[in-house]
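Each of the next two complexes has chain A plus one more chain, namely chain B in the first and chain C in the second.
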Partner chain A sequence: MAKRPQLMAYATLSLISAYCALPFFWAALASFDGNASLFLKWPEDWTTANYTRIFTVENGLTWFMNSLIVVGAATVLTMVLGGLGGYALSRSNAWWKRPFLYTILLIRVVPPPALIVPLYKVLLTANRAVQEVLRAVLPPDMLRPAMRVFGLVDGYLGMILILTALQLPLALWILKTFFDTVSRDYDEAALLDGASLMQRIRLVLLPLALPGLAAAGLFAFISAWGDFLMPLIFISSPELQMLPLGLFRAFLRVNTVDWGFLTALAVLYMVPSVVAFGFARGFLVRTFGGGVKG
Partner chain B sequence: MTGLQLTNLSKSYGGHRVIHDASLTVHPGEFVVFVGPSGCGKSTLLRMIAGLEEITSGSLQIGGQVMNDVNPAERGVGMVFQSYALYPHMTVAQNMGFSLRVAGKPPAEIAARVAEVAQTLQLTPLLDRRPAALSGGQRQRVAIGRAILRRPKVFLFDEPLSNLDAELRVTMRIEIARLHRQLGATVVYVTHDQTEAMTLATRIVVLRAGRIEQVGAPLDLYHDPANTFVAGFIGSPRMNLIPAEVLGVSAAGLDLALTGLDARVTVPGRAAVGDRVTLGLRPEDFDPLGAAELTLEVDVVEHLGAESFAYARGGDLTLILSARGVPEVKPGQGCTARFDPARALLFDASGQRLRP
Partner chain C sequence: MTYQSRAQWQLRLILLPSAALLLALVIWPALYAVWLSFTNAALVGPGAANPRFVGLRNYARLVGDGDFWNSLMVTGLFVLGSAIIGQFVLGLVSAVLLNRPLRFRAVFNAIILLPNAVPEVVAGFLWISMLAGGERGVLSRIVMGLGLQPQDWLNTFPLTMIIVVNTWRGIATAMILLTAGLSSVPKEVHEAAVMDGAKPGQIFRMITLPLILPTIFLYMLISTVSTISIFGFVYALTRGGPGGATEILGIYLYNQSFTAYQLGYGAAVAVVSLVFSLIVGVIYVRALKVEV
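So, the complex of A and B:
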């Protein structure tokens, strides 16, 4: 009889899990259904046509690669800046440390739509400057492709910088808190061992910081990957279109909703986040112990 | 071999001074121990020598060269941290060879030197393990090995044994003493444990509140402390410090009223009538044949095996006596503790020693 409460707990948890998993299950099934509908049903004719259509008829590959390049670069940049900044913030005793940390947290508090107008104004002005510089150094026919990469509005660089700026506060907090737990003795031992700053970072701090970097990187990637508003405002060229906008526009485009195509796109959109989580998970649990005591 | 010279070394954080004009000469090959209660600045002073803390003023010389602004790695010092600070993601061999690796030495040379040092410290079977798979004592040895490998001129130890259990502490203490003899290196060692200081040091530096109180060989500090702080800090159990007032001065010495004990004794010494002084008596100074006499009531008797100590009350003071010197002590009973007045130490009102 002692097992009964446990059984009840499992039953309740299973029910909740099923409830949570159901939409994903529906999306996965519908994406392979040639005749998908809004209702959960076992596909009658299994097909991969929905997926093929994304890459052949639509510009699915472009959307996907654009998202991957922009979000990937923003994640790497966030990890580098967050790692260096978090380390500095953890080790510094400067009086402005606390005010600074709370100020950058405020950036997370401001709703992103409130930032759009000033951000757009700033980036547009900077974009003109970038354009002038590129115009001066590049032949005219190279200007357009170069602006697609280096442009601050409707360009990779602008998108990368915006996403990085939005993710950086949380990354700084995570990494600052993480470095607080990494003993200063490691830095000092390496200093006495004659390691240069770069050697200390590369050989000692980076391996020790991997779990913190993985956490910060994961949050940055997932959050940036899911960002819809910034690509909507700052990207207009079809060839720079990112995945969330592709999904959104596919949803709006036709009179009747093509559930199979949309769910295939949604599944595709989910995959990188899941992969990122699986990849980071290994690092998250890999914490080191035993180097210092007391 | 290399010595150290500290001249008026000071350290301030903002306006707050934590080390006050520390001056000290450490001779080549000497084992010098900085000892003092926590917060006395002993670790800060060590870190200033290592180059991990900036020197606010004064000069630090290692091997005759001024090192105030020299990079820690170039001062020729090797340091063993209280926390060991072994790199947890590296094996024992990688930990020990790290300094050579960052110096760009060829792997074969690193391996050879690691093997050599591992041999001395009996670490050879552990070379492929990570720090997490080592016991406290083994980690300590690896930390020492890492310092030795750099062939430093001066070894700095920052409370290296404080994380070990009591038994291991004794073993490692002996090992460190043996290693010092074997390497013949100059050692500066920080501890708050006066037993460690007494057993390891050729000379002890007693610090309090950022000032050097006294420097001397262990037994010199024990028998001839310069002030009540050193008298109370060095020795275990600690010295009995009894407040007293000088009632009279005669050829036989000072006639003292022991405040709190309600007793009068005559001890040799120099002071003026009316002076407030402190009488210092080690637990083992009590002796059945002594001329001076105190009437006390025994509270507790501690049997340590080789020796027993009685905690005895007289008025509002509790004195610690070696039971050997006081016949028939039993808890809850009165006793007469006698001592030889010539063995008593006298300190003035500010705590400084009054020498006869």
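So, the complex of A and C:
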């Protein structure tokens, strides 16, 4: 007997899935289509030329490498700072622990667009200071390349620090709750054996904290990788351009929109975050609440 | 000094870099925004060189600014349409249906999660194709199949369309949270109701729904806060247009500061949205009864 509720369930889920999947079909098909257009169609001229064009004709490689450097560094920094800070927040019994944790939770609700104006002014001032210091210690012809790395506005360092600051509250929270589940006996024992702080972290806590660090790192990566606002505001040099802006600017070239190239770039851009998301799935529920249990 | 007090000091030391970074790049800018909002700071012109204290003038202007109220209204409808209704309803339906034994459960699950992983600008880009005007766009072809007229979607129904796109992005979040809520409903309660002869609809209304109400409330808070923060995909899709129809708060903030160059006024808008988000945030923290 075909059960009607069962059929209804399949029909409903299929509709929702179609809604979710349809946009991806267009991108996937068009990226392999020699005559790609804005419209969904089956390619008649299958090709991989759209993908090779990203790296040969356009600056795709530059965008990809910049995104990888900046987001990669921000992810690692978030894991290091989040790991150390999360451990401290879990073990500390100082009076400021509670206010600190509430502050982290509240920072998570701050909308980034509300921060860009003051952040821009603050970083512009700090950037001038960095420039003065570099000018004093470096030969003049080294100044520009050095500013590209250490600049706080239109430089790698600034972008890395901004993305880290935005991901850090969640990472601190995940790792704090994670370390709460790790028994204090381990660190007490190591402490009594005379292990230094660095030894305790390296030999005892790091191996225990790996799942927590993985979760924090994956979420930081996904969110920083997808961020559009901060590169839009803080990066202007073409040689520092990252994937989101590369894609965005390429589809603003109204007259010569190359849909094959754009969809190939979009696919390339989303693959790392989709893969990371696949790994992060199992951790998703626990992070929402910071305390939702079950 | 005992080894324990030394260990406590070391804890402060290793927390310091995180605290410094958050102080420098989040808390200090937020406080600085409050100061800026009382000045006539600008990116160009006299306000750029020597910002002056102008008291509440920016706020007075804000109250009289039709664009600001329009943006609040658009943001409110955007949150209501996508986070409160669209994502929630479809997320709840998906969670309930996928909570029972079905074939291809993992496949449905993966497909529904997929949009959540997409970078903001890619989301906007993909939907430019779906919502393209004329008879060849995907949405137009679908409605034509239902016997309706094709439209230039982003121009005719701009706000509805960004709600559709945001719903698409967020079904997964609602589904994940609500699935967690559903799995905490004890099986025995459900079985007892079946024994008593309750219909599935009744069970859902009288038992499941009340039991997952706290999860629903939590979801509403989280999604409201995260929807207010949205900027990227709407900017990529419409840049706030046409005529301010999709100028949500994030885009209004950006436009005021970086295209109108009025930092002081932009900061006033920022402060208002900060205050609003913090209010929702405090409710959220209290509702969670977070143990720290």
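Methods note: the second predicted complex is superposed on the first by the 245 of 294 C-alpha atoms of A that agree within 3 Å, B and C clash if a C-alpha of one lies under 4 Å from a C-alpha of the other, contacts with A are read in each partner's own complex, and residues count from 1 in each chain.
Following the convention adopted for this analysis, a contact is a pair of C-beta atoms (placed from the backbone, for glycine too) under 8 Å apart; a residue touches a chain by one contact, two chains touch by 3 or more.
Model, not experiment: these values are computed from the prediction.
Novice: Go through the superposed model and pick first if A:Leu208 touches only chain B, second if only chain C, both, or neither.
Specialist: first
Novice: Is A:Phe228 touching anything from chain B or chain C once the two structures are fitted on A? First, second, both or neither.
Specialist: So A:Phe228 only meets chain C here.
Novice: Would you sort A:Ser183 into first (chain B), second (chain C), both or neither based on which partner it touches?
Specialist: In the superposition, A:Ser183 touches chain B alone.
Novice: State whether A:Leu191 touches chain B only (first), chain C only (second), both chains, or neither.
Specialist: After superposing on A, A:Leu191 lies in contact with both chain B and chain C.
Novice: Does the superposition put A:Gln199 against chain B (first), chain C (second), both, or neither?
Specialist: A:Gln199 sits against chain B, while chain C stays out of touch.
Novice: In this superposition, which partner touches a larger number of chain A residues, chain B or chain C?
Specialist: C
Novice: In the overlay, answer first, second, both or neither for which of chain B and chain C A:Leu7 touches.
Specialist: Neither partner.
Novice: Which chain A residues are contacted by chain C in one complex and by chain B in the other?
Specialist: Residues 191, 288-292, 294 of chain A touch both chain B and chain C.
Novice: Show me the residue ranges of chain A that touch chain B in the complex, using the header's touch definition.
Specialist: Touch list, chain A to chain B: 183, 185-186, 188-196, 199, 203-204, 207-208, 288-294.
Novice: Which stretch or stretches of chain C touch chain A in the complex?
Specialist: Touch residues, chain C against chain A: 3, 7-8, 10-12, 14-15, 17-19, 21-22, 24-30, 32-33, 36, 41, 90, 93-94, 97-98, 100, 102, 108, 111-122, 125-130, 132, 136-138, 168, 171, 176-177, 179-180, 183-184, 200, 215, 218, 222, 225, 228-229, 231-233, 235-236, 249-251, 253-254, 257-258, 263, 266-267, 269-271, 273-274, 277-278, 280-282, 284-285, 288-292.
Novice: For the complex, which residues does chain A have touching chain C?
Specialist: 5-6, 9-10, 12-13, 16-17, 19-24, 26-27, 30, 38-40, 81-82, 84-85, 87-89, 91-94, 97-98, 100-119, 121-122, 161-162, 164-166, 168-169, 172, 191, 197, 222, 225-229, 232-233, 243-244, 247-248, 251, 262, 266, 269-270, 273-274, 276-278, 281, 284-285, 288-292, 294
Novice: Can you list the residues on chain B that touch chain A in the complex?
Specialist: It is residues 50-52, 72-74, 77-79, 81-89, 98-99, 101-103, 130-134, 136, 139, 146, 150, 162-163 of chain B that touch chain A.
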